[in-house]
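Have a look at this one.
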Amino acid sequence: MTFVLSLVVGTLFAGAAYLMLRRSVVKLILGMALLSHGTNLLLFLMGDGVVKGMPPFVDEATGVTPTAAADPLNQALILTAIVINFGFTAFILALAYRANQAVGSDDLDDMVETDRL
Amino acid sequence: MLTAIVLSMLALAPIGLLARYAPRPLIGWVLGLLPLAAFVGFAVRAPVVLAGSVLIETLPWVPEMGLNLRFSLDGLSLLFALLVSGIGTLIFIYTAYYLAGDPGMGRFYVYLAIFMGSMLGVVLADNVLLLFMFWELTSVSSYLLVGYKHDYADARRGAQMGLLLTVGGGLALLVGLVLLSNAAGSFEISEIIGAGEELRASPFYTPALLLIFLGCFTKSAQFPFHIWLPNAMQAPTPASAYLHSATMVKAGVYLLARLHPALSETPLWTYTLTVVGATTMLVGAAVALRKDDIKGLLAYSTVSLLGTMVLMAGIGGHDAPVALVTLILAHALYKGALFMLAGAVDHEAGTRKLSELGGLSREMPRTLVLTSLAALSAAGIPPLFGFVAKEELLHAVTHSELTPGAGLVVVGAVVVAAVLGILYAWRLVSGIFFGPAAPRKKDHVHEAPLGMLVAPGVLALLSVGLPLGLLPMTSALLEPAVMAITGHAEEVSLHLMPSALSLPVVLSLFAIGSGAALTRFAGQIGAMPSPLPAWLNGDRIYDAAINGLLSSTTAFTRAVQNGRLRNYILYSLLALLAVILTPLALFALGSAPAPDLSNITLPEIVTALLIPFAVLATIRARSRLGAILVAGVVGAMVSFMFVIYSGPDLALTQLLVEVITTIFFLLVFAILPASFERLSKPATRARDGVVALAIGATMAAFTWIASSTTVFPPISAVFKAEALAEGKGENVVNVILVDFRGFDTMGEITVLFIALLGIYAMLRLRPESDPAIADMRGKTTPDAVALGRRGRREMGVAGRDGHDIGQDTVGEPATTAIRSQDAREEI
Amino acid sequence: MYESMILRTIARLMLPLLLLLSLFMVVRGHHLPGGGFVGGLLAAAAIILQIVAFGPDYAREIVPINYLRLAAIGIGSATCWGLLALLQGEPFMAARWLDTAIPGIGKLGTPVMFDVGVYLTVIGVTTQLALVLAEEPTLYPLRRPPPRTEPVAPEA
Amino acid sequence: MSLFQLTMTALMALLSLSLGVTFWRLLRGPSIPDRAVAFDMIMIHLVGLIAMFVVQFRQPILIDAVIVVSVLGFLGTVALARYIEDGRN
Amino acid sequence: MLGLNLLLALAWVMVNGSYHLADWIVGFVFSFLVLRLSWSTFSKEPFSVRAYFRFWSRNPLRALWRWLGFIGFGFVEIVKANITVARTVLSPKMDLRPGIVAIPLDLKSDEGITTLANLITLTPGTVSLDVSSDRKTLYIHAFEVRDPEELRRATKEAYERRVMELLL
Amino acid sequence: MANHLFFPLLVPLVSAVLATLVSQRRVIARSIALAAVLFNLGYSIWLLLAVGATGRMVTQADDFAAPFGISLVADGLSAIMLALTSVMMLVTMLYSFSTVSPYRERYYYYPLLLLLLFGCGGAFLTGDLFNLYVWFEVLLVASFGLITLGGERGQLEGGLKYVVLNLLGSTSFLVGAGLLYGVAGTLNMAHLSERLGTLEHSGIVTAVAGFFLFAYSSKAGLAPLFFWLPASYHTPSIAVTALFGGLLSKVGIYALYRVFGTVFQRELAWLAPLILLVAGVTMVVGVIGAMAQVNVRRILAFHIVSQMGYMAMGLGLAGTVGLAAGILFMAHNIVVKTALFLIGGTAEHLSGTGELKQMGGMARREPILAGLWLLASFSLAGLPPLSGFFGKLGLIQVGLEQGQWLMVGVAAAVSLFTLFSMLKIWNEVFWKKAYVDQTGMPRASALLLAPSALLVALSIAIGFGASPVLNYSRYSAEQVFNTQRLVQDVCGSAGCEAVTSTAN
Amino acid sequence: MSLVELITALLMGIGVFFVIVSSIGLVRLPDLYTRVHAAGKAGTLGIIGVLLGVGSYYITSVPIVIKMMAMISFFFLTAPVATHMIDRAAFLTGVKPMEGTSPNELQGRYDYRTRRLQ
């Protein structure tokens, strides 16, 4: 399944790249959302193998975490990444909205005044 | 002591500001004490040096880089040090008269003092890096002096041209010096000179030498870098006299002389210097003859002389070094005087153009006398010191180490230059003082104040005095200098009258005779149209280069930084591909294991494959909300993957975040145009598609390879083992988050918090909500005003709006736009 | 915006239930899926539901808290629990546990309290974001930019 | 694999196929409310899938996830419907 | 509100699966907390101890009984509705005669109207579209509208009456 | 354990929270912020001395042992960066007091600054790769807030580019960290360097290093990833521009030095030619952009890019001496760049515009400002005896020793072009006659001049004290490269791998 | 297969059946207003069936049973609200009912200015 999921990661990144190359602000943001999904899934596959149905919890009966359980560390990293990304997505949303408002267009090619000579 | 002199000159530079307050021109005499003190300091040490010793002082500064405050005083340094401080004293006095009415005189003195300190540093430094440092400082002070009258565009241009050329050459020099030092194993000049044999054999010899030449040629205004010097005449005359004639421009010559013992006597050295020097000599002389502006004329004559000096440094032979030091001294004396006198004329007559002058002999007799003395010396007429120098010069070229053919050419060139020198000297004197008087620019032209003539007077009289009685003393002064150049003991005996009718004497007489004969045609020669095509003009080429630089950089920048985010992203993605795909393809792709497709159930595969479909749908969506929704489904499916593959916390968080983000999206982008416009061309889409596929394939390969190669066991086993015991929790992931790696979580909630602060400010602080600002820009919208008011209310600043806006400082673009607009309208 | 009485009735009912669920998530988070983030997001979702049903103004009145301050306080309290160890000469955030479990809640220690800080921060941030975004005027219809007079440069 | 687990796998497979069918409606539209319905149904499918996963892999701790997904499905659908009301599609 | 508080506390302990006194207390405190926070969604009057101790219903047991009956009724209706839907959806040729019908309401309370609307949605052939702003009309969409008047009557008869027994 | 390492993080954090709560009372917010910055300044100077005297300091966040928990590691490089951060923060904060509008101040200007300080501190102190990512994001989002604070159109437009392109870099960092964890199974930099050091040559590791190179290069604005920088840096308040221009852009360089100096030491040798190429192109492209611009802050923004090339060159010289030269250059550049932005910003502030064409007359009107500018711009161009000379000289010397002729040539030539474009500003803003009537123009107050004067003095001091600074840079560079010692300092004398194997 | 498992499988089978019915309805039915019927009714019953299955599987665990009951009530309460919101949004945004929808007594009842429904 890791192989299939690797392909899925690839499609997420490909979609993200394509969307980010569009001119619409909305597509740009969607592209970034896909990018973060791809990253999260990629991180997820970097753990100690992909395990079906055995989350990293201490078994109540035995009092120990099964060694075969999924890797908890990369899950913790992904959680951090998800939350950070949440903040960023919100920020970009608000920023895109305000830029959209200030420029009067959602075409990124209309937002060239700051740096074009 | 040397260190003290140099550093105190620099440190005391600010006292020049006194000139703003004290009585003028008396203050010039007071400030003149500064260089005088230095002069005395060197004079006191002169006997020791003349006796053949070298004074060396060392203070460590940055020994790690080889930079030390190491100064040495040998004959060459002494000659220059005396010139710099001596002429400096005269210039300080002269300035007080010349700039008597200028409010910025204090500033001028500061620059002069900095220059003097730096120039002393250049000639005294015994460490290449230290030398370079002072070298650059002289360029900088020259820049400030040339640009002194910076309200004028020409002054700014002249200053900039000089700085760019000299600093550019300086950079080459720096690299060359570092190379040289690396080859010699030391940064101390005395040691480098000692390593001459090794240096000439080193593979770095050629590059180092060429780079050093570049530095020296730019500094000493050698063709084709000479163009900055005439433009530097925008400087007030004292600066021209001091820097651009007597001292700074000789720094390059000084350095060539200084490194002569170590680097000379190779064909590269000899012929480069000979060709460049001779060309400069002739070009300078030829142009000088055609100049209408007296300072321009003097500048080109300086160029010519500098060429001659470089020639002397190059041709080799027993006599060249003697000629070199004699020329340096002679030129400093008469050219310094000529500049100051030209300044006096300019000061009194209000113009520097020969065509607007003439017949001033009656109004300015003293000036006439002094100018004539200096000009005669410049023309090499006996019994002035210039003649002595020219004798030595001709002696040197006839005894050079060049091949006979080359030697003959050089002799011819020197004679031609000598003839031209007589001609432009004649033009100068006759053009100012004799002939028909042009309409006066000023009403009452009269003699310059006596104080203003003191300094040129001293120099002019020295040109007379040195040959008439002081020659032995001069020889004694120059002897150790020559020794420093040749690297071994030399005897110098200058003499006014040749002992025999040797070839040099004949040539000298020939030059004087033909020069005198041609004087009556000097005017015509000067008025001849230039034989060179118009575009072959240094100034034009420089301007064209600058404009070309500006327009090409503008075109390039416009093309690259074109404001389009998608292009930037494209460049970024391509760069990413370059740095990850290359090593992947080269090193890692081979290690990829074969795909393992066992143990996959239908629900897994269906839900996993929905993700690519949803991605594709997001791309192809024609409706925005549709795209947002489909992208949301991607998130939901990813969370489902987390559920299946044992990440329940991930799934929960991911899904919550997904839905809340989608709602945020709806909150601001809810009401949208129904569909996306097709903005990009098909070709663009195809290109982007290729890039996207490449990115996707690369990432898939990375994921597969990295997830299937585990070189080292992950450390996560410890977390599983310790969760309950150490972290008192059964949810290992949560224990990591709040305990084992709680520090990450700390940072992560801070990210959320900061994002909130930023978003809140972005949405509430609205320039267009501010009635005071928005009204002027005509951009107020009721919504924005309401939001701004709401923000202010929430911030607890309601009712203080007016106060705040009044205080809103100009740094903000909003108000500045208005301000500058107002300011323009007032004019 | 058209009001929906049906939605409002259900949203009202959901508020305490979802808040309670979020508390449950936090309390059980150390042992079951959940924790400060999930709990905080869930609580925020409960309030967002009120925003959806009633609009931001009324939602502010229903649960009258300054959420930005709540977020600040959340971060501050999370830091404070970490500081406890630092003041005793141990590294920041070194865990401190009460010896006996609190009945009904379980083991209490600084990591748990830290999680509560996270919970408060996440509620504050998410809710405040939703509120300010919901208070924005609708974006469209926008005035379109004036048509380009200059020719469009070819794609780079 | 026991008969029960086999049944569950089969049911899950059916449910995931049904999910695919729903997804088609999401892609197809044509109107935004159509997509909203599809979105709602997708969330319901997710709830179902997770619930069945709970049984098949004996993962009762995932039940909280089921609850959260249901809540989010409702919230998402309602918000979507709510904020498109002013649009003209 | 106390009743609701206790109910939530009960839910808390049951969901936690642990019935110690401490759990009850924690559940009660948490429930109180969330109820206090969402007070204004339930009550027009400001929070006070008196308002808090006011019970929801005068006869909770009877209300409970009625609710259970109502739920049973609803459940049966839902199953019937689904069979209808399944038959329609799975039949090869769908023959639909849909329509949107306005139903005048006798119910007054928010809860009552909402319950009715939900019930209508879950029962065969009809879906609630919206309630008029004056709360006097409920608009429904029906699969099969042969006679609008008949539909109006049947709906009021079958559903509104039952809801009115519980809520007004 | 050096638990004091938490203080420079916690003090700004707690102050930021407090300043948020009192943000509408500007005086209190200012005082809190100033106090926190002063504390950090004092602490970082102490740390600089202490690290110089006793060597690396280490502690473990959460008291969870390395390599499992998060290590905080202070070595020379961290101490230098921390000290410079504090100084720049102090200076820009002082400058803000007289230039930032009360509006912006109330909308969490000081909390954002403090949180930026928090993020920078964390980034410079952490010894954990993923934790570094978190700190990057903290300082990134704080910079987002600061760059858009004010809501002007330019800020929004530029901010969008800044945000999006920086997030691409961040994502690459995260992906790289994830892949590295997948391959090497750990996140602690010391442990990573120990583990990767035992590999002969692992293709996948080299490939993964590419992600980090991309990520940090894009943070540092190296070619061709610099576009966000000139698009956005001139848009916010002057103080913010100065802080970002001076300090923030260097965080990427810091990360390059740190991660490629320790974790990817082997890959650095492979990548050095590429890094040098990138460095050269960056220098040239940046200075070309600067020459083309006609606005004070935009010229300076492009110069940042150009100067980044020099710092990358320090890394590309792939060795202790090269890195030391790079560190020296970075220290110089942080100071001078901030100074230039403040001085140019002051001229802009007084003139009411930053367009060269509409400025002028400043040399006569504000001679002190002019003097400061001249010193700072000459320092930037590398004229002696200012700090820039030593930064450049160090790189040139090492470059020549290594036979990197082309690189040295480019570095030298670019400094000439740098001078050229700085002269452009000097000519247009200071020397040229005033474009408008300046009678009503405000005067530069002492408070406006003091921050830049302080920095210029610091630049001169770095020049005159180049020897100790260079020695400290070398000491730091050696610390960076000496991974063996790092491993021992972080995980104990047996090393991290020993800890891991006993724990398992 | 034990009794519990049998019941579970049965309930879940019913649930899955109705969910499938709803998704087929979603595809086959002619217009939005009719599709909403399928989603609102069949979807809800389907998911309730699945949840009942879970409840029956873990019948001995009170917390799980309670949670399942809570979820079932949640769906009863919320699913109709969701369909109502979607229907209304569709009507407001001008989604046309299928040909032959009669009567349409909602037509023209929304006042776009005052945002009220008569």
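Chains here go by letter, A, B, C, D, E, F and G, matching the order in which they are written, and residues are numbered from 1 within each.
One rule holds in what follows: a residue touches a chain if its C-beta (ideal position, glycine included) is under 8 Å from a C-beta of that chain, and two chains touch if they have at least 3 such contacts.
Keep in mind that this is a model prediction, so the values were computed, not measured.
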| item | value |
| --- | --- |
| Centrality ranking, top chain (CA atoms only) | F |
| CA centroid of subunit A to CA centroid of subunit C, Å | 20 |
| Euclidean distance of C-alpha centroids - subunit B vs subunit E, Å | 82 |
| Centre-of-Cα separation between subunit F and subunit A, whole angstrom | 27 |
| Subunit D: positions in contact with at least two other chains | 15, 19, 32, 36, 38, 53, 59, 61-62, 64-65, 67-68, 71-72, 75, 78-80, 82-89 |
| Residues within subunit B bordering two or more other chains | 554, 557-558, 561-565, 569-570, 573, 644, 648-649, 651-653, 656-657, 659-660, 663-664, 667-672, 680, 699, 702-703, 706-707, 710, 713-717, 719, 721, 726, 729-731, 737, 739, 741-745, 748-760, 762-764 |
| Touching two or more other chains - residue numbers and ranges from subunit F | 13, 20, 61-62, 130, 134, 137, 141, 144, 148, 151-152, 154, 156, 160-161, 164, 168, 175, 179, 181-182, 187, 227, 230-231, 235, 292-293 |
| In contact (per the touch rule at the top): chain pairs | A-B, A-C, A-D, A-F, B-C, B-D, B-F, C-D, C-E, C-F, C-G, D-G, E-G |
| Residue ranges of subunit C touching subunit A (in the complex, touch as defined) | 31-33, 37, 122, 125, 129, 133, 136, 139, 142-145 |
| Subunit E partner contacts - residues on subunit C that touch it in the complex | 3-6, 8-12, 15-17, 19-20, 23-24, 27-28, 50, 61-63, 102-105 |
| In the complex, subunit B residues that touch subunit D | 601-603, 606-607, 610, 613-614, 617, 623, 625-626, 629-630, 632-633, 636, 639-640, 643-644, 648, 651-652, 655-656, 658-659, 662-663, 666-667, 670-672, 674 |
| Subunit G - residues contacting subunit D, complex | 1-2, 5, 8-9, 12-13, 15-16, 19-20, 22-24, 26-27, 32, 35-36, 39, 43-44, 46-47, 50-51, 53-54, 57-58, 61, 64, 67-68, 70-71, 74-75, 78-79, 81-83, 85-90, 92-95 |
| Subunit C contact footprint on subunit A (complex, rising order) | 55, 57, 79, 83, 87, 90, 93-94, 97, 100-101, 103-107, 110 |
